[in-house]
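Some structures are shown below for you to check.
Okay, so subunit A shows up in both of these, paired with subunit B first and subunit C after.
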Partner chain A sequence: QVTFTPETVEPLCYKAIEAVLKDKMYNPIHVTPWVDEICSRVTKDLIDMNKPFKYLVSCMVMQKNGAGVHMGHSCFWDRTNDNVVVARWPSERRKDPNARMVCIVTVFGIAF
Partner chain B sequence: MDSEHFEFPALSETVTNVAMKVMFQVLESKRYTPSKTAEWTDMIGNRIIDQMRAIAPNFKYIVNVCLVQKVGAGMHCETLSYWDAKTDGMVQTKYENESLTCLCTVIGVSI
Partner chain C sequence: MSTQTEDPSNKITELSYREKVPVVAMKEILHECLVERLTGQAYEGEKCNEAAKQLADVIRNRLKNLGYDRYKFIVQVLIGERRDQGVYFGTRCFWDANTDNQASETFTNDHIFCTATSYAVYLY
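And now, the complex of A and B:
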């Protein structure tokens, strides 16, 4: 049985986020192509892994100005094979004191 | 008796109505409260799944709920999918009041 592992997916997400957003300021004109780019990079890397999964890659970028944000997901699926990976940037594991934005990438892997 | 077999793109209007109704039920007149957001997102997600399972049982469902406090921050959200476009689908809906914005994405992946 092939399972969807956070250990393999999380590094792909951080690689994409840091490549696109590091040292940038939030900009309403550029944020759309940035989010597109992050989603595309993560999806391409997932497809290249050649595993029998359908994927959903969701990316949210928010300006850092003190607003509260909470994201949750409810799932009805097969717990043995399906899984979700959430990469928050910046976070305790991936610090960036200069970050002017918050980015959350959520990847769902659903076996078929 | 066989249950009816749906394709998700055909269900968009139904899903939108279910999601809007549930967000309204949970969030109407509420102010963004950090101690309550987890409870609200759980409630919205679980209620939408329960209602959608009763309507169309041949899907795996994912409901992603994002609650943002309204203080003028800019935000952009996107979801990219790699699946069977004929049978699988997603619907995104938004609910707003004076204090918060709620973005709800309902995803159906055919079993």
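And now, the complex of A and C:
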């Protein structure tokens, strides 16, 4: 049974986020290539795992200024095979006191 | 009608325009749901948290009712407070461009911004 687990996917997301966003300040000109870069890296690492899944990777980068943001998702799919992984940065497990941005990467894996 | 060309290396499924989920229909559903639910809404932490989840559920149910039985639907909703911060949201998909589709809509008022994205993925 091939499944899509958070344990395998979360490290890929954090690796991509930290490689691109660590120690950077929010910049509206640069944020577009940053988001593209994070999505590309995560997608490439997922494809390299060679599992029979289609992937939907989304990345949101927001400047930290005290504003709140909420993300929700709803899926109509096969619960036994399909799964979603959400990586928030910075988070309890991946702290970064100097971070000037908030990043949420969501990966949906759909089996075919 | 959908055709399957027999090829020794891989089978290719090509859907006719009637069987593919139309992007316009998805956009319309997203737009209607956002306007209906969020017009006049101010930012409140707890309420927006629930609103994001509920909105995603409502949109998913409406997409299900479109009647495309071979499709799986995924809906993502992002609601944020408007405080002059910068934000950027991007998405990348690894799928079959012959069969799969996505649509997105944004809604803003004086207090909040909201982006809803929906993906339709074909089940072979």
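To be clear about the criterion, the second predicted complex is superposed on the first by the 112 of 112 C-alpha atoms of A that agree within 3 Å, B and C clash if a C-alpha of one lies under 4 Å from a C-alpha of the other, contacts with A are read in each partner's own complex, and residues count from 1 in each chain.
Rule of thumb we're sticking to: contacts are C-beta pairs under 8 Å (C-beta built on N, C-alpha and C of every residue); 3 or more make two chains touch, one makes a residue touch a chain.
Remember, predicted model here, so these are calculated numbers, not experimental data.
Because the two structures share subunit A, they can be overlaid on it, and in that overlay subunit B clashes with subunit C. In the overlay built on the shared chain, the residue A:V86 is in contact with neither subunit B nor subunit C. Of the two partner chains placed by superposition, subunit B and subunit C are both touched by A:K54. In the superposition on chain A, A:S74 makes contact with both subunit B and subunit C. On subunit A, the surface patch touched by subunit B in one complex and by subunit C in the other comprises residues 26, 28, 31-32, 35-36, 39-40, 43, 46-47, 54-78, 82, 106, 108, 110.
Those residues of subunit C that touch subunit A in the shared complex are 43, 45, 48-49, 51-57, 59-60, 63-64, 72-96, 100, 102, 117, 119, 121, 123-124.
Residues of subunit A that touch subunit C in their complex: 26, 28, 31-32, 34-36, 39-40, 42-43, 46-47, 54-78, 82, 106, 108, 110, 112.
Interface of subunit B with subunit A (complex): residues 32, 34, 37-38, 41-42, 44-46, 48-49, 53, 60-84, 88, 90, 105, 107, 109. Within the complex, the subunit A residues that touch subunit B are 26, 28, 31-32, 35-36, 39-40, 43, 46-47, 54-78, 82, 84, 106, 108, 110.
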